[in-house]
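Going by the order they are written in, the chains are A, B, C and D; count residues from 1 in each one.
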Amino acid sequence: MIKKIAVMTSGGDAPGMNAAIRAAVRTAVTENIEIVGIKRGYSGLLDEDFIEMSYASVGGIMEKGGTILRSSRCEEFQTTEGRKRAAEILKKYGIEALVVIGGEGSLTGAMLLSEENDIPVIGIPGTIDNDIAHTDMCIGVDTCLNTVIGNIQKLKDTASSHERAFIVEVMGRHSGYIALASGLATGAEAILIPEIPVDYDAIAEKLWNERKRGKINCIVVVAEGVASAYTVARHMEHRIGYETRITILGHVQRGGSPTAFDRILASRMGYEAIKALQEEDFGTMIALQSGKMVRIPLKKVLSEKKKIDEKLIEMSKILS
Amino acid sequence: MIKKIAVMTSGGDAPGMNAAIRAAVRTAVTENIEIVGIKRGYSGLLDEDFIEMSYASVGGIMEKGGTILRSSRCEEFQTTEGRKRAAEILKKYGIEALVVIGGEGSLTGAMLLSEENDIPVIGIPGTIDNDIAHTDMCIGVDTCLNTVIGNIQKLKDTASSHERAFIVEVMGRHSGYIALASGLATGAEAILIPEIPVDYDAIAEKLWNERKRGKINCIVVVAEGVASAYTVARHMEHRIGYETRITILGHVQRGGSPTAFDRILASRMGYEAIKALQEEDFGTMIALQSGKMVRIPLKKVLSEKKKIDEKLIEMSKILS
Amino acid sequence: MIKKIAVMTSGGDAPGMNAAIRAAVRTAVTENIEIVGIKRGYSGLLDEDFIEMSYASVGGIMEKGGTILRSSRCEEFQTTEGRKRAAEILKKYGIEALVVIGGEGSLTGAMLLSEENDIPVIGIPGTIDNDIAHTDMCIGVDTCLNTVIGNIQKLKDTASSHERAFIVEVMGRHSGYIALASGLATGAEAILIPEIPVDYDAIAEKLWNERKRGKINCIVVVAEGVASAYTVARHMEHRIGYETRITILGHVQRGGSPTAFDRILASRMGYEAIKALQEEDFGTMIALQSGKMVRIPLKKVLSEKKKIDEKLIEMSKILS
Amino acid sequence: MIKKIAVMTSGGDAPGMNAAIRAAVRTAVTENIEIVGIKRGYSGLLDEDFIEMSYASVGGIMEKGGTILRSSRCEEFQTTEGRKRAAEILKKYGIEALVVIGGEGSLTGAMLLSEENDIPVIGIPGTIDNDIAHTDMCIGVDTCLNTVIGNIQKLKDTASSHERAFIVEVMGRHSGYIALASGLATGAEAILIPEIPVDYDAIAEKLWNERKRGKINCIVVVAEGVASAYTVARHMEHRIGYETRITILGHVQRGGSPTAFDRILASRMGYEAIKALQEEDFGTMIALQSGKMVRIPLKKVLSEKKKIDEKLIEMSKILS
């Protein structure tokens, strides 16, 4: 029986991480498992930056964006030595298992820590990029999308008042999910994602056709992995012959009070992580599949790339 | 090959219905299928209250709550004769198939119309109650939940300032989903749902224990199918010995600009409905399963009750 | 020169109170004045429930609804003896002056405390009722109004989908400001306020006329001081002959993260309160007049009733 | 007695313009004055792009961002000849007076049209810049501020999770009002406005001191008139020695459903404009002063610069 565990958030933060922490802590406490929080991800682990967690210490955090444990990226942990040292620290404190909430890099770190040093870990997918395989959704994606569409919606108000094209740059270095989903949800006239080569001429032609059909507003959503909003604007302006304006949301997309979806998803995942530890389902990631919590080996999760749904791309062409 | 179809919304309205209408219309137009809108659900069908739909006529509606086609409940359609007359009207107008967006009652009507009169139908689950089997989610649920938690969150601000219990009545005559999910997402101290017998003594005791532990705010969420907020308040006040205040959100829960989730879900379902018609998958409902669109026979969907997830109930006890 | 002061929030809480606390504390600290927070208003004062306040202790509170100092109503303080005891406690702790953030009752308490016991006080008008004379706005009103109109707006979505009247009960026992302003801002078809006798027949007739003109939605906003939503519904239903639905927002109206207006107003008032203390403008209330901070004697403020703007009532008849 | 008038929106659009249009139209209709809408501002006037307005045609527009009449900037109207031609067009259509909703440039155009051609005009200040003298607020400012602070608040969530400085560029070419007010309302660590020379060394020092005091988040708000977010980032990075991230909200700031404040302000101004026309208070701008509607000669309004409140600047230094 596990007696003492730790929980941490790592990598880019995502709304809902606090709900996952809260659920993990309260479930652990209910199950008589001692639980400590590790601050600033793997950096804090290596610095022994721990705090005691209790039922009360996670009160009122579910609705908060960000992560109360804070997060960071850590170079030392990317080395075998770093992970070995981390394992020793965990053992020194009597911490028998670790729950890691984070994206691909963070879960890879957790898997390596586990494989190399025999530390039981459970992963929880928390990243706004929605680029983790075998789970229908990651914590933070839903809130991020609502933030993006809320802002694009405002742009559409003014877009209908003037005659301009608006270029909106959203997050997504390797994954076009945020751009595609938010573009679909706002009827954007063009969506540029890293998964598909950009054809500025085709986009310009589409915008011209829309204009001829009488559409006066024009929104182009671009994932940062394709190009910056400025670059896209430069490419478009001389092709379409009218002005463009840009919006770069930046880290606004990582914040905000989590949506109902993210709060519930995160709560379920935090709860399930403790159950998985109790049932010794080590080395797994908690995933959402068809409305249910399942546990998938981290190795399996991390060996695959989540592909973007081709149908969404097809739909985006028809619907806007 | 189908040449002309109709789309309608029926029953209680739900945010996202417009996105489904938009997607169905634009997909139909792209596929060279003529599509008409039927106003006010089955009542409008029986009144021949139709409007032509075009690519442009559904511009700018995705972000709107409610349904541009409006909705209603219709007694005549609940009879075999009513449905026969509806089928004749559809034939008179050369409408070969019907897409119905609505809840259980509306989908049952669609199924009967189809079975009795050989009219091809496709159902799309649109209801804030989330009580339809075989689909992970129905259109409108996500927006409704966010509306509810947004309001409960505000209540928590003031709840922390004073020393009172707040009773919040939410929708759900037969299903406790909204109450359970919103209670979970806000850490409500008690959640009353129709699926579970109410034990006011146990709740009062829990609230007393929370208070002893130092919690100063106290939110009780009750599904309307259990009791009115006033009834719950009366039951609680003399048991807990301090004041209660009530909030009844009412139809506020049916409105609002749809969330990203509802816009995308509805768009996918509207698109898929047209694909299903083209592929002659008649008599099915479009459903979401593990992130994918699937088609389930209406007969199968309507012969089962969607059960509330037992784990959510268990979690709700541990987490708040 | 004043060396040590205290700040409290009292009565019904209002969004923005935290911003006022924050501003008062940080301004005092900057001016080398020691400042303590009194918890739970006059009750906490009589219980000597004080906490030290520092620059850091008010970090991250501006965006929070409610009040970190909490609030309450206190019977003992309503007596001369109670206030005398309060003055003695303040003296015992070396607290030379008091900043009170609250509504009419709380400011009256402050004035009496000051007059009877020679304690310098400064009042800050914080109440969602907007019923305090000589200030253009009170802290919390703007946030409250936005909460109300956000909810009514959602109701209008569904109201346009069905054919019903919606009765919305909002706060305001003696003042119709919230009802009038939110009704104006949402184009409500009828607004019932305590300042004007209700004529249910006239309202029913108006609703009938609107309906004949083709309006399908119908919102009636009623201040709680007039009647409960249930009472209004009962009065309306048999007169208009169609169904009504009710919404009671309750204490939701007191919560929420404060709007920009409330944050800035409260920050300015908190800042100005300290300046007024330094300049020995004792016994005044900080007020907003034409965009500027002014100081009005509490006696003058409390001897007058803020009247509702007749023009707003006239406008509300023309505009909806 | 005036029998026929026109209303237009001009220049940069601002949330609430629709509420002003709605109020002007409904008040005019009630007063038996015929009213036409001019599309696309002065360009539409010169193109004779008019639409009839009625009580019903402005239904459901109050809650919409942007302007249903659209807007534009017009070079021809900036010439005496252009304005003469505009006056002739108005006379040709029997339009006796004009209500212009817009910013400084648009109101100047209205004044010149009136002076040169004896066309009665009434101005309504609608601009998010809040740079018009003699009125406490302009239509659109309040909504804009809430959009900005909503986004900065999200940034603060993630800012507290990482250790970075965030640079947020907001609108304001000549006026720092949006930057100053939103910086104040979010406790930004530094606010850069065109009215004050920038001292990057002083800002860097302040940020260093904050960090030493333990503050982990750091928001710098910059008005576009000072520099772009990129320029500020470049100036800061080598001085502070840690990473920065940028957010450029762009035209998002012009959109959004108007707040309660903007809806009511705009409704009052639209209503008052018609009253001013009836009372032949020509050549005036409707203004808000201490909660009341007043009429100020356009000449007086446009001959002065609205100055930024020095106290707000002082406060911003103390409070963050």
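Following the convention adopted for this analysis, a contact is a pair of C-beta atoms (placed from the backbone, for glycine too) under 8 Å apart; a residue touches a chain by one contact, two chains touch by 3 or more.
In this text the structure is predicted, and so the values were computed from the model without any measurement.
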The chain whose C-alpha centroid lies farthest from that of chain C is chain A
Could you tell me the distance, in whole angstrom, between the mean C-alpha positions of chain A and chain C?
39
Chain A and chain B, separation of their C-alpha mean positions in angstrom
28
Measuring centre to centre with CA averages, how many angstrom lie between chain B and chain C?
36
Could you pull out the residues of chain C that touch at least 2 other chains?
153, 156, 160
All chain pairs that touch each other
A-B, A-D, B-C, C-D
Can you list the residues on chain D that touch chain A in the complex?
9, 13, 15, 64-67, 70-72, 147, 151, 153-163, 166, 216, 229, 245-256
Sort out for me which residues of chain B touch chain A in the complex.
22-23, 26-27, 30, 56, 59-60, 62-63, 136-137, 142, 145-146, 148-149, 153, 156, 160, 181-182, 184-187, 213-215, 257, 259-261, 263-264, 267-268, 271, 289-291, 293, 309, 311-312, 315, 318-319
